[in-house]
Structure formats: structure tokens, C-alpha cells
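Before any comments, here is the structure.
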Amino acid sequence: MTRKKSFSDRLADWLPRLVMAPSLLVILVGVYLFIAWTGWISLSSSRMVPQYDFVGLEQYYRLWATPRWHTAVANLFIFSALFLAVTIGVGLVMAILLDQNIRAEGALRAVYLYPMALSFIVTGTAWKWILNPDLGIQKVVNGLGWESFVFNWITQPKFAIYTIVIAAVWQSSGFAMAIFLAGLRGIDNSVIKAAQIEGATLPRIYASIIVPMLRPAFLSVTVLLSYIAIKNFDLVLAMTNGGPGNATEVPSTFMFSATFRRNQMGVGAASAMMMLMTVAAIIIPYLYSELKESRDGQ
Amino acid sequence: MASEYGSAARSRMIGRAFIYGSLVLLAALYLMPLWVMITTSLKSLDEIYGGSFIGLPQAVTFEAWGKAWSQACIGTACTGLKPYFINSLMMVVPAVLLSTGIGALNGYVLTKWRFRGANLVFGLILFGCFLPFQAVLLPMAQVLGKLGLSGTIPGLVLVHTVYGICFTTLFFRNYFVTIPDELTKAAQIDGAGFFRIFFSIMLPAALPIMVVSCIWQFTQIWNDFLFGVSFTAGESSPVTVALNNVVNVTMGRKQYNVDMAAAMIAALPTLVVYVVAGRYFVRGLTAGAVKG
Amino acid sequence: MATLEIDRVRKAYGNMEVLKEVSISIGSGDFLVLLGPSGCGKSTLLNMIAGLEGITAGQIRIDGDVVNDLSPKDRDIAMVFQSYALYPTMTVRQNIEFGMKIRGVPPAERDKATREAAELLQMAHLLDRRPSQLSGGQRQRVAMGRALVRHPKLFLFDEPLSNLDAKLRVDMRTEIKRLHQRLGTTIVYVTHDQIEAMTLATRVAVMKDGIVQHLDEPQVVYDRPANVYVARFVGSPAMNIIPGRLIEGAAGPELEMDQPDGGKSRISGVAVSEDARRQYAGKPVLVGIRPEGFSVAEPGQQAVQAAIEVVEPTGPDTLAMFTLGGVEVIARLAPRTAHAGQTARLAVEMAKVVLFDPQTEIRID
């Protein structure tokens, strides 16, 4: 006697794919089709409304001929380099200090991390007030007797971008700390003991053994912070709104104002594609290696 | 011997003091902005312009909070943050529930019912976690317009759900991967089907990651500014957009105490969640970095 | 109770063939052990019997019914897994009752079945605990209880003892054997542990690379392994496989093996068929001798010269290592009968000697 597959069994075979299908469709449209769409607009003559013609790379030429875009790209580099270096440095130091059997470690960790729960708009609002030269930090230091102290970077075109770095580091270093701490906790204690028996001092052990072992954590932190740096938009808007003048323009604010404020949709789309390509160049190899590793690990 | 031992102990003491000193100093630095925000929001405007920045308020007043909540002007409408706060709530609750629910199902399928191409599907979804949203703003604005959803809360719910699925799928996939496949097999032999296994076995076991996912999504969506400012205007804005408008009012004497109160109001929901469930929040943060 | 027929079953993932034409059939009440190293296809075969994986070609029949296209729940089987696969959020009772609930068994009956199973496995006091509160052995019991209450035609075990410590493994092994004797259910049991196979099975299928190498009663598999692979896999220490030569001696066929000092050991009385005797006369063969096939020779008894290199007393007996035919050979001798550095004369139990073809490695009869 042979029993055939029933209809409900057949349906059951397909059910997982059916359940997954809407999500996949939504992602295909919302991410990949939309990217292609933006790509098309960047190759069209769109200004106020989308035009679906083809003008080649004209918008990209126009984009790279815009001084404001050059400012934005330069700012992104300055911001990213400083932001990454300082955040990683501060995060690593905090993680190492916290890893020394600290009482109240939980409370301290919570304090370092809470800025991450805030909106960049809130962070920006707070720091804008703190850095206000008339009433903020500068005033406090002046009041303490140091009359000549000047800290008015937020109003200086040359220095305003650094104030954004300060606020961004404050917000994100707890995040770096959390990942480094997780990495430190994953290191086998016997390594430290072995090095101690060989007579190495604690700073030495950290510098030559522990920190090199944190390589995966460094990679993760670098990639994720780069992503935060590139998409940074709210913080700039809240702190300086791209100013003074356009001194703190970054690609994300450039894209937004070109598209929604200055009727240069094509240029805006071109700048968005530039951002996307930068992110993809960093993220795709990272994801690929992460996925490959976890598959090899199985 | 004794003195040697004593000096070793002393240098150890100095080391510990240095470590604790640094940690406390750092903590003070990290708390300073919050301190400034709270104290400023409790001061009168005169006191602020009188030069009190870091100190405690001479007379605590909740006037600024009241103003920020119900009187501050956003553009021309002087309604305070209240309606926008409600907007954010209306947006965040459905978007969190939808994206978490869908992410749970996706994670379940991707780990327990692997089909041909499942890895590719996961890869496609994963990249969505790191999408610079600028690359989809324009088409999304067009589509929302076509759907009649532009400038509406349901429109924002849709957008946040779509892009939220990426992270929630990652969370649940990485969690379900750690649950042995044999569990699904045993349930199949017991006669349970796809949904029965999901609801009776997987979901109850996934409680911790559900909390992580909800908290992460709540924080992300509540704090979002880009989608809010791009797809809504005026009355339908979320609270972050309204806050930015309050702060950037240029007319008259700047009301820093109201700004800070408004910032605190916008920050409170996520801060409360952080204080109550910080452990889960950290797990969400590190999920993008630590593979499952 | 049911018969199980696996009829020319194949399994391939794309181009990768995991099972190549496997045919096994067992009778009602048989205890079949699928034995082999990881990656030999034994677990895949078990999953196919359970209906958890599709069948590329061939048929699986339970009690004569082809079950190829039946879903697991319709095959009337129960399965116990290596990781126990207990539902973590349910109590022991809920774990056991879950399947019955799905099949719509009334509460009173469920309760009765659960209590019976709990009594049988001595776990009545555990019913309201959660899996996380149980020890490994207790979890194993619960997993078996969950399978028992189904009264299935066929019990499937997937390496059920691998996660237990050595002592517990022996206890549970006995328990499974007792259960089988008491219930008489047909069982298919997957393991890589040859002792489990020997102790539990009524039929053993030794598998390698998706092929059944030998299917028979455990004692036959042990005594007359079908090929060198099976000979080495079953038994510990493994059967010695010594290169040698089949020679026509004065009193019939003899085996000749090289000694490390350049001399030759010759033993006569090898059991070999006339055909094989003709075919292999004067040619090299592989001589299979179990460690216990050696014993210290009585004076006048025929023997091989063994320059003992190492001895390992195990308590009940002593393992002696020496070189013969260019390979290391292990003999299981009575305690204190051999010492390192000594040259011993060892007798061989000729009736238990098995010969293999050096090229095909298949047993010569």
C-alpha cells in the first residue's frame, strides 16, 4: 500500500517560504528596488520632481563641482577620523579600567552607556547649550577666575566640526566600551596568569597580549562606528544646522537640503549614492567575513 | 622582606586608587550633560541669564516643563510638545510590535525551516541593517505619496516597520540558531505543525530576545529624526522633529530652560526604558557586533 | 511492534551523495543499531525513517506500508534525541503530554498514560519540574517517557547516551535494554559507540560513507567481520590486521608472518575454504586476529615469537604490544603473564582467525 502526499502536507512544505515571502518582498522593494530607483534619479535630470530620463553622470559631475559638497566630504573625513580614534581610545580605556574587578561596575557601566539611549537631537540640544560661549562652559571657567579662557568653537567656522566630534564621542564611547568589555570577558583568564608567572606587568600584559587578542572587537567597533559617522545627520542638524555658514555640512545634511530644500533632486540622489557606496564598501566585506566565519564555526 | 611587602601593597593601593579615580572622573564627565539639562530646566530664565550654568537652581521651578509640554511654539503653532509626544507614541507602539513579530517569524523560518537560498535571503536582509537611509528617502517619499500616507503617522509606522524588520530578523535569527534543531524535530514527531511549534515552543523560549528586540526597536524608532523630518510636516511630526523646531526658534530671548525641559521630555521614555531594562538594551547594542 | 524495510534507499544533497543504495530489513521486535563514525549517513537514515528528511530514491516501509510521503506525525513513530530535545518552557508533565494534546487525547487518558510512563521510568517525582532543573540522566528519562506514551510502532533513538558521563551511560544502556525486553517494540538506534551496538542490538548495521558494510547479529559482526573496516571498527582494542602469506604446508594451509628479527612465524590449522585455498595459495593475505585470540603458549603448542615491547595491565587482563608482520599487534593475556622486554611464545586460537584480501580488504571465506 502506498499513501500519497496529502494536500495539507504539501502546503506544510511550502509554508515556511510563504511566511518569509512578504518580508523578503518588502526588503527587496524597500531596500534594493529603492536603491535602484535612487540610482536612476541620480542619472536623470530631476530637479524639483523626479524625471525619468537619462543624462548619464551629469549629476555626479555637478555634485563634484559643488564647493559645498567638497566641504561636506572633507568634514566627513575629519569627523570620522577624529570620532573613530577618540571613541575607540576612550571606549578601550573605559573597558580595561572596568575589567579590573571593580565594585559598582554595573552602575558605572550604566553611566557610560546611557547617552546611547538618547536621541541625537537631545544630545545635540544639550551640547549646544553646554558649548554656548555666552552662558556655558566658557562662562563657568571665566567665573572661576580664568578671565581669558575662550571656548567658542561652536560659533567658529574652523572649529565647529570639532564640537560635533565632542558630542558624538560622548554619545558613542559607551557603545565601544560595551563591545570591548564583551571581548575582554571572552578572553581566557589563564592567559593573564601565564603572563604574570613569566613576570610581565599588568600594563605590559594588556599592551602585548590582551589588546591584540581584541582584534575582532576592534573590527566590529570600527565598522559600526564608521556607519554611525557616515549616517550622522541629526546631531549636526541639532547642534549647528550645518553652520556657521556651511562650515559643518556633511554628506547626509547636504543630501537632505539638496533634495528637500534646494530643488536639486538629481544632485541629492547622486550624493545619496555616494554615501551608499561608501557604506557598502565598508559593510559588505565585514558582513561577508562575519557570515563566513560563523558558517565555518559550525 | 616586610618592607618589600609593604611597598608592593602600597603601590597596589595607589594603582587601585588611580583606577577608581579615573572611573569616577569619567562618570562625572558623562553625567555632566544630563545634570546641566536637568538643573537648567528647573531654573528661571532670569537665573540662567544671570550666569548660573552648572550650579543647583536657587529656586526650583517647573514652569519651563509646563511651557515645554503645553505652550512652546513649534513653528507658528504654540501647542507645546504634548501632541507630538502623543504622535511618537502612536507611531512607536505599532511599529515596535509589528517589526518584532515579523522578525520573530523570519528568524524562526531562517533557522528551523531552512530552505534553498535561505542564506542569501538572510544576507539581503542583513545589509538592510546598515542601509544609509538617504539612499531610499526619495523613492520612499514617492511611494508614501502614492499610497496616500505621506505626512501621516501610519506612513511612519510603515517605514519604521519595513526597515526595522532587518534588525529584528537578525536578533531572532541569532537567538534561534542557538536552540537545537532537534527541538523542532521532536515537536514534528509529536504532530505539531509550523505555527504550533512557533507559538507553543519557540516563542515562549524566546522571551529574552523579544525584550531585547522591543527595547531596541523602541529606542531606535522613538529617537528617529531623519524619517520624521523627511516624511512628515507640521502636526503629524514625531517628538524629535518638534524638539528640534522648539530649540531652533530664533525669535525673542532664547528660553534655554524650556529647551532643556523639552529635551528632557523627548528623552524621558528611552531613558526610563534604559534604566528599567538596561541589560537588554546592551544586548541589543552588541548584537550587531557579536555574531550568533 | 512492526517490521521495517529499507529498500534501496538513496539520499543526495545536490551532487553530494550521502546514502548510496541502503537496504536493511528487520523483523518485529528487532533492535537494529546503525553503527558508524560521524558523517557515515546513519543519522540521515534515521531522520529519513522518521520523515524529517526526504528520500531521494528507494522506499521505506513500516509494517509493509510505504511511508515515503507521510509526514512524521503520521508514521506512528517516536524518537529520542541526543540533546533530549525537551521543550524548555514546559514542565516534564507538559513535555510528555504535548503530543497527546495535539492528537486530541482526552485529559483523563493523558494523565493515565503519563503516570504509567513516569512509573515505568521512576520519575513520578519529577513531573512538575522544568527541564533546566533536571540532571542529564533525568532528562534522558523524560525524553524516553515522552516517546513511550505514544505506544509507537517504531522507536527511534539518535545517539541518546552520547551526552551522558561514562557511569550513567552504562546504567541507561541497561535501562534501554530492559525496556526493550519488557515492551518488545521494534527499535532503530543510532550510535558511534561499538559497545552500545554490541550490548543492545539484535541486528547491527555497520555503516561507512553511505554504505552498509555489514548487517548481521552483533556476535557475527564481531567474529566474522565482512571487511577490514568493520573488523577495525568493532571491538576495543581493535582486531589486529597483520600482513602475511597463505602457504601450502605439509599438513594443509599455513599462515606465514614476518618477525622483526628477520625470522618468520608460521602457524597451521587456518580455517579456509577449498576455493580460497586454491586462489590464495602462495599469495599475501591480511590475517585478522582479535587481541583475545592470543594466549601464552603451553610447551609444545604451536606459537608465534613475540618480543613484548610494552604491557598495559587493565585489571582483568594485560595488554601486550609487539611487532608482527611489520605492524604493531596487541594481545590480551592473563594478568602477570607477560613483561616488557621479554620474548614470549604466543598461541593463536585458529578457529577465530579471519583472513582478508589485501586489495579489496573483503573477508576471505
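As written, the chain order gives the labels A, B and C, with residue 1 at the start of each chain.
Heads up, the rule we're going with is that contacts are C-beta pairs under 8 Å (C-beta built on N, C-alpha and C of every residue); 3 or more make two chains touch, one makes a residue touch a chain.
Since this is a predicted model, take the numbers as computed values, not measurements.
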Subject >> Interchain contact steps from chain A to chain C (minimum; 1 if touching) >> reply: 1
Original post:
Across the interfaces A-B and B-C, which one involves more C-beta pairs in contact?
Top reply: A-B
Original post:
Quick one: which chain's Cα centre is the longest way from chain B's?
Top reply: C
**OP:** Please work out the Cα centroid separation of chain B and chain C, and write it as a whole number of Å.
**Re:** 56
Original post:
Counting in whole Å, what is the centre-to-centre distance of chain A and chain B, each centre being its mean C-alpha position?
Top reply: 15
**OP:** Any chance you could list the residues of chain C touching two or more other chains?
**Re:** 71
Subject >> Contacts with two or more other chains, residues of chain A listed in rising order >> reply: 12
Original post:
Tell me, which parts of chain B touch chain C in their complex?
Top reply: 180, 182-183, 185-192, 196, 200-201, 204-205
**OP:** Name, in rising order, each residue of chain C that touches chain B in their complex.
**Re:** 47, 50-52, 71-73, 77-79, 81-85, 87-89, 98-99, 102-103, 146, 158
Original post:
Along chain B, where are the residues that touch chain A in the complex?
Top reply: 19-20, 22-23, 26-27, 30-34, 36-37, 40, 48-49, 51, 53-54, 102, 105-106, 109-110, 113, 115, 119, 121-128, 130-140, 142, 162-163, 165-166, 169, 193-194, 219, 222-226, 229-230, 240, 243-244, 247-248, 256, 259-260, 262-263, 266-267, 270-271, 273-275, 278, 281-282, 285-286, 288-292
Original post:
For chain C, which residues count as touching chain A in their complex?
Top reply: 64-71
Subject >> chain A to chain C touching residues, read off their complex >> reply: 1-5, 9, 12
